[in-house]
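Heads up, the next two complexes both have chain A, just with different partners, chain B and then chain C.
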Partner chain A sequence: MTGKIILPDIPELEFAPELPPKGPVVWMKDNLFSTPRSSFLTVVGLYVAYVFTKGFTGFVFNYAERRWDAVTDNMKLLMVYLYPNGTSERILDAAGEPINQMHRVWISLGVVIALTALSLVFWRVGGKMAPKRITRTLQISGGFLLFVFLGVTILDYVFGVLFGFDFGGWEWQFSTKVHFWTILVGVVLLGGGLLVDRAMGDRGKEETISVIGLLGALAVVVVGLLWVIELPRLSGTEPGAPKVFQPIEETTTLPWTIMLGVAFLSYWVGVGLRRVIPDRAGTRVLTLAWLVSFPVLVMAVLRDPGWDEVVAPGFSLGNYLTIGAAFLVVGGLVIWAASHPAIGEWSAAIVAAIGVAIVFSWSVSMLMFIRFSLFAVLLFVLGAKTFGGATQVRRRYLLLWAGLMVFLTYFFILVKGGNTVETQTPSPFGGFVLTMIIFVSVMLLSFPFGVLLALGRTSTMPIFRLMSVAYIEVVRGVPLITWLIMSIIFMPFALPIGANVPDFVLVILFYAGFSAAYMAENVRGGLQAIRAGQKEASVALGMTTVQTMIFITMPQALRTVIPALVGQAIATFKDTSLVAIIGLLDFLALAQGTVPGQPLYRGSLRTMLIFAAFFYWIFTFSMSKASQRLEKKLGVGER
Partner chain B sequence: MTTEKTLGENDIIICEGVKKWFGDFQALKGVTTNIKEREVVVVIGPSGSGKSTFIRCINRLEVHQEGRIIVDGVELSSDVRNIDKIRSEVGMVFQQFNLFPHLTVLQNVTLAPMWVRKKPREEAEATAMALLERVGIPEQAAKFPGQLSGGQQQRVAIARSLAMEPRIMLFDEPTSALDPEMIKEVLDVMKELALSGMTMIVVTHEMGFAREVADRVFFFDYGTIVEEGTPEHFFTNPSHDRTKLFLSQIL
Partner chain C sequence: MVRRLFVLLVALALVAAACGDDSTSDTTEPGAATTTTAGGGGGATATTTGGDGGQGGGTLAEVRARGVLNCGVSEGAAGFTNIDGSDFSGIDVDYCRAVAAAIFGDSNKVEFFPVSSQVRFDNLKAGQYDVLFRNTTWTASRDTDVGMNFGPTTYFDGQGVMGPISKGFSADSEPEDVDGLLLCTSAGTTSEKNVAEWASLGGATIRLETLETNEDVYTAFIDGSCDMVTTDASNLVGERFTRGFLDEWVIFPPTNISKEPLGPAYREGDDEWADIIDWTVFVTFIAAEKGVTSATIDAAIAAGDDPELLRIAGLESSEIVADLGIATDGFLQVIKQIGNYNEIYERNLAPLGLVQAGSLNALFTEGGLIYAPPFR
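Right, the complex of A and B next:
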């Protein structure tokens, strides 16, 4: 006998036993009728769904007074208001008629679409989706149709004929033909979805369908429908004129088809570019393009600025170019010196000198351009220690300065130039374009300001902390509407004489200041969530407080507060509608006031409100979906 | 184990009567010691005895209130420029690794050389890859810290400190948060570093490590160095009762 130990064989891996698939009856019993209480809740829920669905679908599809033609007829008005009505002679043709300027809107949209498509490629958005998700959606839509057209009819019969209840609702008498076809479609969707599901089995759970591909296909279908669908229009100019079905005008269908082409083309160009450009460079260029595109589209493309005596009295292009060039060169020299490693105490002297110049520039009459450029020089000198250093790095820093100065010059020339595209509204813009401009500007301005406030509030310096706390508490303590009204009532008194700032700019500034206070509180939450070890590790490596903030704390803090920031973006988007109170004609103001106010569309208010709600919802819903994806993607870096 | 290295002539760290309070609680009660170039010092002692506070004072993560600390000829004071300079000369490895979770391993290692030492990216990345090679994980460069095991994370943390080309390395219980099977891989990296001539102060309870590479061992208790000596002295005839008690508990 040897003393050999016999080890038992390692047991084979076993799979967990597979549960038999549940039929719909079993599922309903388990989930809807498991206990008397849940049965009761299910019945109540069904009843509520019945009442609401009947009322809502009845109104949307069948009510005699529904006015969907008010939506389609006024679509352009809702989007851009009276945009193309030029008043300057620059946009009158030879016969003295205003030239249509809509192409400016389409170009802007095209740029946004192209940038979106390129971003989808370079940030690798998308990925695959399981067919089961699609079949599930088909089943749910089919089930919904059946519930509405079969379920509601049956329930109507049960309640009405058997028990004598009448729950009303908007003329729920669809024709037999409508019933027949809808029920057929419902059965096909539900049954087809179930059959495909069954046939695919487990393969249906594999993620094989490209999300981007699916979205592209959907876009093709929607744009294709524009060409074939016919919309009801009023046949005459009288309010009660009968409706006729007409194809959608080419001024809508053609540009959208081009937009679709732009989307596809940009996407494929992006795919090609990604082969030759590294992702990091691509995403950087795109980020910059997004940031620059907004002011350029709003100030240059949409406004079409002019610098002649008529549209911009007293403006001198040469002055601005000279000042810009001077700042570029002299400022550049100062920054070059300040970023020298051996600058030492001199840095403080330079900062002090620029500080004095800034105070001086604000106390005497001076071009805004000079005041802001001085600030820019100060920022760059302050950042020189952090971002300067070796010659190669300094050169890059200087290049950044040149870029900024070129952009600042360009921007101020745009701002000072007059509009040659004008509308008869307090702001040069209206409709959904105005909504978007307010929303994006407020987010762009309030983000850096909010981050600064958050830093101030968490700062160890009492003066910064006090100022930030005071600002945040005061701003948050007063309703947004109050601030918006104040912006146009009080601000003109506080502005330098002769500064003619349009209402919508004042509103944007106040709204951004308001939004920044909330932004600051969100960001502060993120800063507090970061473990002390992160900061210690960073400073232990020799990084300065500013570097630690920029590279370590802030990126992590912002990541953790993405959900809160998106929540705030959504709230900001919705609350842009408050500007209607001070007379700006944004999307909602047009939908609930202007359109129903036209004699031809009298009585369209309810329809317009449903449409407006739906329109806002599409955007907010996309934002929240996008943020969920972003969270998931950024989650990779965390434990 | 015989080491070929010879200690330097100069004291690279000088501490004279260093005292530190947290509010009313005195965490350091007058620490006086000199540490030579290329010396490896292991600090042991019961929990709460001030070991961490001591080494954190050396790169001024904690500020001492009395006494003097001179690192590489520069006295630590409230002058900001000194602090940044000292911190870039003194590397530190933490018990909890403290890697930056939002950056890849490579970015973790290149960040400070690029922004503090102002090295061009290419150079910083080349150095970083060489260091990751040295600690044995070059293939993990593109991953995020969260995707690595504890032992690998701690080795990245060591590489991150080394990337700054420090003259002194501080380790605060670098293996205490690790699963037993990962301790060795980190200690091996530290041994190699010690043999290469790095000045090191290591807070650890790994007595095998102390015996093998330490030039000197400090025993801390109640905020001061109670006993110091060679590893042989400590493991053969420690003189203090408290040292004996402590060693009997952990050995």
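Right, the complex of A and C next:
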């Protein structure tokens, strides 16, 4: 019985049955008016679309009280809040000149853009796209314009003039000129799209256009437009002054042009590098770069710490360097010993000793740096068994420790060194920068914490399970806003005297703790989806519990819950706006409170809210798209 | 065994080294503790019951040690706190700077905490900032609330009603003129209750409609679906001006419906701190009364014919200023760097169309309520 199984030949179908060409009328009959019920739904849907579109586009483009100048004039405030840009008479240098530190913002943005471009290369994002998708987008936008400017006008005429209905909504008062040009653009887009589609035929379905190239071209067009278009600005400083059209200032156009150059340059550098560096190494370095870049950009570039006593009272650079070096060497020796294959029961003694030291360090007044470094030693000693063994592996483990310690020292020096960016506020961050800082920090902190909680909750050890369950249930049971208020109002009483922790840091810590509880439940869902066979197989292979968790269970569990995690990331991003209630001026707080509160921009609230909604949407939509890509790449939902 | 001992020793040595370093670093600034304002230990009790320890000058010492005044302001209120891309401005902001000028001689030594109206008092009590200038109405319940005190009023606001002249309203319209008409206001203010009281006292009934935001109210008012709007008079005046209806809308009744005195608030129980805030405000009033501005104060002192001015400047009976715990030229710096009350008003509120002359916010010599006790 060793013969092959012979499959019968299945003749392939050579010609697909030809379908008659479908015109728009047939399509509408099939899809919109197939039954009386669907006809009814179509009419109702069209009516709702009509009323909504009329009101919304009417407000955005034509309503008398729209104030798009409030958005453009306050863009700097919305993005970076009061970051010194050389216009304040109160923030002066030694020579009495206004200080301008906007280059720090642009450098940070440049680093993010460069890393993004490199990531696009090394993760091989992009690929080809069919022209048909582009022509379809053109057709849809043309159709939308025609619907809004032609369809709504006709419906208005039919309902209003012939039947005498008035559906309310905003004043619909576009001039004939605006109507003419917009309808023309709509016709060109729709007709052009259709014509190109027709001309290309089946070639339109071949994927021939590079997505990255298309994005690059779009970026060039947008940045080019910055130099060309003129925006309406108030001509005077008193409210109600007439508006005049002015070109966009060079402080905006020039940096964005440089940013565009940075993007292109880094992309091409990345393409060159990919020839010499394997993808795997490249993506690892990039991941590390992303992780390190965030604290460095926030703490070093944007905050510009000063090392002297004036800026950071009680800070001594020498002390931190000494302690860092001591931990690097002594801690390294301990870890080296703990990862020795013959260590056996001794490692428990080491862990106990460090545990005592940690308890001691928190019960007396001590530098946070030492407390955290002790934790790091403990973590590495605990992991020593997993990563220990051969000398080569141990050496690499030690290298990792050295890297972490250098970073930890650097980070604490940055945190403890005072902020020298003067903004007349306790922290120099506000606006979109603050939104981003809170979001990224919360995600970075809550992820490992949430994973630990999930492991605790699924653990067989009752003490860990109980603690995790208690934490998750208590934290989840209280509204986020309550935690945030508590972080500001109660934490000052709970902190040790003299611990001058900035508000936004407290908020981040509380928010991360809150987010971790939800993260834990998401991850637990993934853990429970892993079949027991996986674990049993890895145990059979001789893996320890920790190794099974790190190399077998966790990667599969996390892959399963990507949609849930992205959903949580999006929710976290939007919920950062809750910090407005406790007096941190994030993007939304500035858009809905501060800008409409300026005498010049009173009455701009609706405009600002539309802008804020659109701005948040750009980011959440990108996140959603990125996660879809990731899911497809990892094959979530297909296995 | 040797190895185990070695490890233990290493751990202990690390801890010992840490202890040695620590006293110079994290805990060097007991004065900078944000909570223990009123001396003594246990932070929480010290702030809420601070009365007994307060005389020692908890807040002032703390502010001095910190080197900067922490001041709670609004996150955006036209004329009071205005935040644009580069700077803070407004009457509340100017008074924060005035206090900084009095304490440090430098009006720039202030950090602003823009705070929402929901948490402004709690954050003050928690010690997030030292004084709150946030268009806050002084009311009995707020004053008697544990841990809060109010300083001299810097702006007298009050509720008014505004209607278009075209509908027959005039500046001395009375409740009978509004009988049966539709009045709009925004949600979440005390405006509704006040105006209903006012109308029923005058024997009239009005229909009230509460809309979500200020913006909604004016949208409905402009398109005529509301006959009148009501809210703080400063808001009415400002909206009438910025929306360009100066000649078409009229505000009534002649005396406001309610009283909204806006001024500083600070933690209870620190009398020294309260005196500094109060007298910084009063000094701006006195300077206005004497017609001394930031530009003319040097000349006025050089002339030397006004003993009260010399006392304010700390040149005569300098112990008055010194007893407050600030430098003897502290108040001189307030006038020099910030100016007198009229200057502050002109700079921040006049551009909004809030006319000072003839309002409650004129000096008492001109029929208003701005009045300060004598400086002697």
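Basically, the second predicted complex is superposed on the first by the 610 of 639 C-alpha atoms of A that agree within 3 Å, B and C clash if a C-alpha of one lies under 4 Å from a C-alpha of the other, contacts with A are read in each partner's own complex, and residues count from 1 in each chain.
Here is the rule we go by: contacts are C-beta pairs under 8 Å (C-beta built on N, C-alpha and C of every residue); 3 or more make two chains touch, one makes a residue touch a chain.
Note that this is a predicted model, so its numbers are computed, not measured.
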First, second, both or neither for A:Trp346, with chain B first and chain C second: second
Which of chain B and chain C A:Val415 touches, first, second, both or neither: neither
First, second, both or neither for A:Gly593, with chain B first and chain C second: second
First (chain B), second (chain C), both or neither touched by A:Ala357: second
Most chain A residues touched (candidates chain B, chain C): C
Touching partner for A:Leu32 - first (chain B), second (chain C), both, neither: neither
Chain B versus chain C as contact partner of A:Ser316, first or second or both or neither: second
Set of chain A residues, in rising order, touched by both chain B and chain C: none
Residues of chain A touching chain B in the complex: 341, 386-390, 392-393, 531, 533-534, 536-544, 547, 551-552, 555-556, 559, 634, 636-639
Partner chain C, residues of chain A touching it in the complex: 65, 74, 76-77, 82, 84-85, 87-90, 238-240, 313-316, 319, 323, 326-327, 330, 333-334, 337, 346, 349-350, 353-354, 356-357, 360-361, 364-368, 370, 374, 416, 424-426, 485, 488-490, 492-493, 496-500, 503, 580-583, 585, 589-590, 593-599, 602-603, 605-606
Chain A-touching residues of chain C, taken from the complex the two chains share: 3-4, 7-8, 10-15, 17-19, 21-30, 32-36, 43-44, 70, 74-79, 81-88, 108, 110-116, 118-119, 122-123, 126-128, 213-215, 218-219, 238-239, 241-244, 351-352
Residues on chain B engaged by chain A in the complex (per definition of touch): 59, 61, 84-85, 87-88, 90-92, 94, 96, 98-103, 111-112, 115-116, 118-120, 144-146, 157, 160-161, 164
